[in-house]
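Labels for the chains are A, B, C and D, by order of writing; each one numbers its residues from 1.
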Amino acid sequence: MTLTEGMFGDPEIAAIMGPGARLAAMLETEAVLAEVEAGLGIIPGPAAARVAAVARGLRPDPAAIAAAAAGTGIAAQALVAALKAAAGGDEGFVHYGATSQDIEDTALVLQLGRALAVLETRLEALAARLGAVAADTKALVIPARTRFQIAAPTTFGAKIAVWRAPLARHLDRLGELRPRLLNVSLHGAAGTGAALWPQGAKVRRGVAGALGLGAPDLPWHAARDAIAELGGWLALVTGSLGKIGLDLVLLGQSEVGEVAAGTGGGSSTMPQKSNPVAAEALVTLARLNAGDLGTLHQAMVHAQERDGSALGIEWQILPQMLERTGAALRIGGNLAASLAARPERIAARLAADRGAMLAEAAGFLLAREMPRDTALGIVRQALAALAEDPGETLAGALGRLMPGRDWADLLDPARQTGEAAHMVDGATTTRPDSQGEKR
Amino acid sequence: MTLTEGMFGDPEIAAIMGPGARLAAMLETEAVLAEVEAGLGIIPGPAAARVAAVARGLRPDPAAIAAAAAGTGIAAQALVAALKAAAGGDEGFVHYGATSQDIEDTALVLQLGRALAVLETRLEALAARLGAVAADTKALVIPARTRFQIAAPTTFGAKIAVWRAPLARHLDRLGELRPRLLNVSLHGAAGTGAALWPQGAKVRRGVAGALGLGAPDLPWHAARDAIAELGGWLALVTGSLGKIGLDLVLLGQSEVGEVAAGTGGGSSTMPQKSNPVAAEALVTLARLNAGDLGTLHQAMVHAQERDGSALGIEWQILPQMLERTGAALRIGGNLAASLAARPERIAARLAADRGAMLAEAAGFLLAREMPRDTALGIVRQALAALAEDPGETLAGALGRLMPGRDWADLLDPARQTGEAAHMVDGATTTRPDSQGEKR
Amino acid sequence: MTLTEGMFGDPEIAAIMGPGARLAAMLETEAVLAEVEAGLGIIPGPAAARVAAVARGLRPDPAAIAAAAAGTGIAAQALVAALKAAAGGDEGFVHYGATSQDIEDTALVLQLGRALAVLETRLEALAARLGAVAADTKALVIPARTRFQIAAPTTFGAKIAVWRAPLARHLDRLGELRPRLLNVSLHGAAGTGAALWPQGAKVRRGVAGALGLGAPDLPWHAARDAIAELGGWLALVTGSLGKIGLDLVLLGQSEVGEVAAGTGGGSSTMPQKSNPVAAEALVTLARLNAGDLGTLHQAMVHAQERDGSALGIEWQILPQMLERTGAALRIGGNLAASLAARPERIAARLAADRGAMLAEAAGFLLAREMPRDTALGIVRQALAALAEDPGETLAGALGRLMPGRDWADLLDPARQTGEAAHMVDGATTTRPDSQGEKR
Amino acid sequence: MTLTEGMFGDPEIAAIMGPGARLAAMLETEAVLAEVEAGLGIIPGPAAARVAAVARGLRPDPAAIAAAAAGTGIAAQALVAALKAAAGGDEGFVHYGATSQDIEDTALVLQLGRALAVLETRLEALAARLGAVAADTKALVIPARTRFQIAAPTTFGAKIAVWRAPLARHLDRLGELRPRLLNVSLHGAAGTGAALWPQGAKVRRGVAGALGLGAPDLPWHAARDAIAELGGWLALVTGSLGKIGLDLVLLGQSEVGEVAAGTGGGSSTMPQKSNPVAAEALVTLARLNAGDLGTLHQAMVHAQERDGSALGIEWQILPQMLERTGAALRIGGNLAASLAARPERIAARLAADRGAMLAEAAGFLLAREMPRDTALGIVRQALAALAEDPGETLAGALGRLMPGRDWADLLDPARQTGEAAHMVDGATTTRPDSQGEKR
């Protein structure tokens, strides 16, 4: 354990991806392998039944397997040795026709299937919650900020709809990648299924069926694109959440304070502080996964039929990327649960801005009556008046420069949010938690 | 230019993604924008026609735009200024209702659409060529090597089918990501389409239709998942080619020499050398793209409605990732064109191995008649005999230990390649260049 | 060229590291090699003189060398072929005893020496300028912000002294790494100097002396630590500047605006905008170099005596990291030249804060008279009063809770900046531009 | 724990960097802080003594601190709360004048100092062992391989001297970075030492002295160059070991087998296999640290006076980089302990090469009597004879083409290793374990 696991870890994903679960998944794979082989007459039925029972009952010490794996270079091999020892006279029917990596990879995808189900559920819930908040606040004006400057009005709901849109796409992507990823590995030592020939394909389909996985025609021992693609998906998810985190950090600065979410962290010495520790963590998790994704892709350069140096990269990177994605979705969910705009701070900001953020709008309004460059010249004059006189507003200045229009009404930010509310409607009527339209 | 662009560059992709093409795509976007707006009565038709004509005729100096972009922080803005200047009295109808990033991003996806078409064509051709080689060599025995050691027999065709399989998946992935990526950007300053309200959605659809792009309901100014996903796809492609490159490097070592592809690079001082420079380049390109992918994902942490620091990362990374992917596919295509096994080297290797790679097969053969651990004990005895006597073979040793079987025939590597030939058939009967089964 | 090179490029470094300079440096290396060998009687003097003259006069077309390098896998080899062709009957004395990588690497460090001199000069100038600004503003109060919240008072000068401190360390690091990096490569094909034996060491020292480089005893063909270390240094420099850039972005937000530097980029549609494009670029450059550093380190895993796949990574990464470092220092220098606090905005911020940032100070003041937890309890009461009444200040609230002290004076931020001014003095009296104390 | 920690972990470093050690180091820092402050009369002596005793006796549950840290965003703050609770009436004198990050960072460098001492000792031992092996084998001929092709003769000792050289430089670098890294952090909330003014500097020096650390004038809360530099050093070390690992993998391939080190990992199904699992792990560890270094440098872009999102990156990355470096040095040490050339395999390789690797040498020998291009033409003719006749050798072919010289003797590889033996002498007479010449 680490002192930071409360911030950046996720117990549920950690349990699914952890050593105990890996050992159990490998043993289940060996059990099913024996049963399927017996069903096809490859090994004797009674022996297979005993092997399966022993495998399912075995509780090897993870530390002992880890120690042995230092010598074998792959945990599955250490586990197979333990299983053979436990199988006694049936040891010859243990792991029959498989290679270590078959077991390691099949167990991995069993774990991944479970982890992805958890992540999917969280992602759907987060998208649904953001959709609800967006719907509720679709008309709540808030400044858009481009390149760290106040730009023009938008609505809080539109902001959130922009946060939410990639999440729906991530659900689509997940649906696309699953069939490429969740496949049994069972092609034996050289990837040819030689030891089970000519029944390898049948064994593969049988094991895959029993485990709820796909059965590929070709070995993926050395073709690791689905693993790298998964890493990409995880980094996409944390990246989108990192954007939400960064926005919350920025919107929650002392000087802005327009949005609140979660409870802030206090300071050990400054009693007035309320730190955006959860939002910061989303940024951290996004950057960590981004970096790890690059490293994971290095493992695609995989030598020949099996490359321990490349596999080791996957083994170290994947679990932490998954756990971080779980953590980000958990933290994001918590933040979304209490996400709220602070209308009084927004109102103060709009007042302090004195209409400068409506400069573009004013230009377009004037351009209906005159050449646009003339219009923009007038707007610039009005902006200059604002800069000189802290009591001036854009509407006021324009009222003097171009009287006869109700500038305060025309430049009411609430009238200048364009499609914002419609965007929210379009984006959130189809909820990600309804089965029908997910993919 | 650089001295390494012949190795790692790709002129066709460079031209598509280059500054001239970007400027042309931005100008075309502005032209279409004006035309669509005129069609909807937003700006006057004659002015729009003049703006479109000026835009399409403009040939701005890329260096001047680049210099101006240093001050504006985005090239589109510098270009819009140049276009307005060229439009004279019509300048007010230039870039009407759009923001710089709309133009920058729309032009980007226009370029990306073209670049992806080139990459797809090359990928299809490479997959087809590899499929043909695999079909021709599906029964040609060659050692499989796992963890840098000779393992057991496979066939050259099966090796190549494993190389090819991810390429077919990459084509599927490309089909999936395209609709998420190739979308117009046209949501204006705050992402609300305020300046074009209530006709923004119509303008967007019109411009998208004219440019052959999709029209999203929400702005993607700050939701960059499709860009990061594209980066992932590029790295997947170069990763798969990097694996091919590494395999060719390893199979082409002086001590192995079982496969030849391309013409080697000579040495400035060693006349006997023939260096696998093209295969090495595939490894280099894979590692470069892998690293860049991690950096590109950092840009998903994008502040608020627009973040210049994050956009800058994309601008620097994407073109080089695309060009490297083009280079890898070009180099991979060249290597595949001359890819050939060297049967005499393989035969020498099989002879030198003296049957050790059939140890697993021997164990399974014996296990039909006796407990598997007894069988493996006999195999180990035979392997020990090989180690002691350099003239011994596994078949010979087993013939002495377990006489009465035709060990030479049983352990003929050609009889021990399991599904290899069938794997090739299954993998390559559906060619990626036939429209029907691509996705 | 690219449309972003004005933002992220550096012409001076680009010229030093560019193809023309590389070819010239390689040719100069070949010329010196011939001269030194002649001096030692290894090759005939007149031939060496002719070779040197031809090398120094040759102006090969970079594009032609680049095209040839696609086949040879290393530019030096293509250049050596061109030089031999130009040398006519003297070709046998060209490149005598060297290998391509000797020439490539020696030329590289010649270029690096020049590039580092430029970077050092800029770094010294930047540190000096920041030191001067810090000295001028060491007492100018400004809020410190921790975790994106206003924390407690510091001074603008202290902020800048913190920016500056790493730059001085980077100058020290540069002094340390130079002797490890700027070494001739001249150990021949197998790294043993066999072709020049027993005079290889003398030739090496002669060439090194003539070129102003060190002469290592061992080949560094395959030991690339100095290259990776250089990459680390470049990323350290851009990282420190990225921190400055991020601070400027944050301090320049519309809602903060306490610091100005450079001229902002305008918007194509929003006339009121002034975007911090230069500061954003510093962040971009830092993140790009950080990512590239990880990729560059992958090249340390270098196979045997020479690994083209690893060298290719260096060739692609190093020049762009150097150019970005140059760009960051140039941009940083420009920003520093006009760096200034905006006292009226700071004053407004202090007023708006109403003393909350003095909460820690108030606690320590009270703790002189009572247990600290009692003191903090009182401070919390006062903060609660602030939260309830927007007209209240911390001094006012404490005045009511704990009368009899001049709270306004005690909590004057200018009295609560601790060592800030002294820190500036200590940090900047030794200027980095004075030769004496640099290392 | 994980199933791969036997392969990629290091218990000694894990213990030094682990949560228990971090808590103990933080508590020791708080204890010393109280004692030093009492010595300076800042807090009462008896209270300080009690606080120090409580701090040194506290054994907080790491899991509880981790859980609390999820809310505070920094473990130190959770620990300070626990310490205050334990201090009862003295709680006001706990953590007096410090901020959480002061404690977190000071504890970190205390741990780093210990971890670096362990790494240094291992590095020295590895360099010494490699130096000894190099000395013993300085004349043992082995082929150099450039770009994955046999190039020309070198010696095994020279190979190892090239492996060893960067290790000695890493020891130098460690000496240089330590004073920049191992510094107390104690500048308080805003980095100004305001709460301890005017005695902050004295407290800092006192605490630093008691903890064996340096006392910087400026806060490093937000200037993280020393942390990033440390990451660079760790990646340099693992990179150099990754090169050794890759070389061992390649030299240990079935087809090469010229070097043995460690005991191979077996296969779960192929009894003849002996997998280079330790050497592969060195490559894995190098690539993981390389990738993490890039991510760690992202944390240099640190906002203002404290940035939780950047600190989180350091917290997650640094411990695993340190542990991997420890693992690599441990594994490297184990491999070096049994590192040995296999002369019979080398002899077989030299025989199989038939002198082709002496082609360069032959060219130089002939060039003493004739123009070099004529000489190279003759060598090419001889090489062509080799290619045609598998029974031919280079010496034999040259004997026919250029009779009258003892070609077998001239082209004896042992005569063509140039400076190899001298290089070893120069590189290893000064052992890294002798105090005198380390830096």
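Rule of thumb we're sticking to: a residue touches a chain if its C-beta (ideal position, glycine included) is under 8 Å from a C-beta of that chain, and two chains touch if they have at least 3 such contacts.
Predicted model, so just to flag it, every value in this text is computed and none were measured.
Of the two chain pairs examined here, A-D and A-C, it is A-D that is joined by more C-beta pairs in contact. At the interface between subunit B and subunit C, over half of the residue numbers involved are used by both copies, so each side presents largely the same positions. Subunit A and subunit B have Cα centroids separated by 23 Å.
Once the centre of each chain is set as its mean CA position, subunit A and subunit C turn out to be 33 Å apart. In subunit A, the residues that touch at least two other chains are 73, 99, 145-148, 151-152, 188-189, 195, 245-246, 249-250, 265, 267, 269-270, 275-277, 280, 283, 287, 290-292, 294-295, 298, 307-308, 360. Residues of subunit B touching subunit C in their complex: 1-8, 18-19, 22-23, 62-63, 65-77, 80-81, 95, 98-100, 188-189, 195, 245-246, 249, 263, 265-270, 275-277, 280-281, 283-285, 287-288, 290-292, 294-295, 298-299, 307-310, 312-313, 315-317, 319.
Interface of subunit B with subunit D (complex): residues 145-152, 249-250, 252-256, 265, 267, 269-277, 280, 291, 294-295, 298, 349, 353, 356-357, 359-360, 363, 376, 379-380, 383. Residues 73, 89, 91-93, 96-97, 99, 144-148, 151-155, 158-159, 161-163, 165-166, 169-170, 172-173, 176, 180, 187-198, 200-201, 217-226, 228-229, 232, 235-236, 239-240, 242-243, 245-247, 250-251, 283, 286-287, 289-295, 297-298, 300-308, 360-361, 364, 367, 371-373, 375, 416-420, 422-423, 426-427 of subunit C are the ones touching subunit D in the complex.
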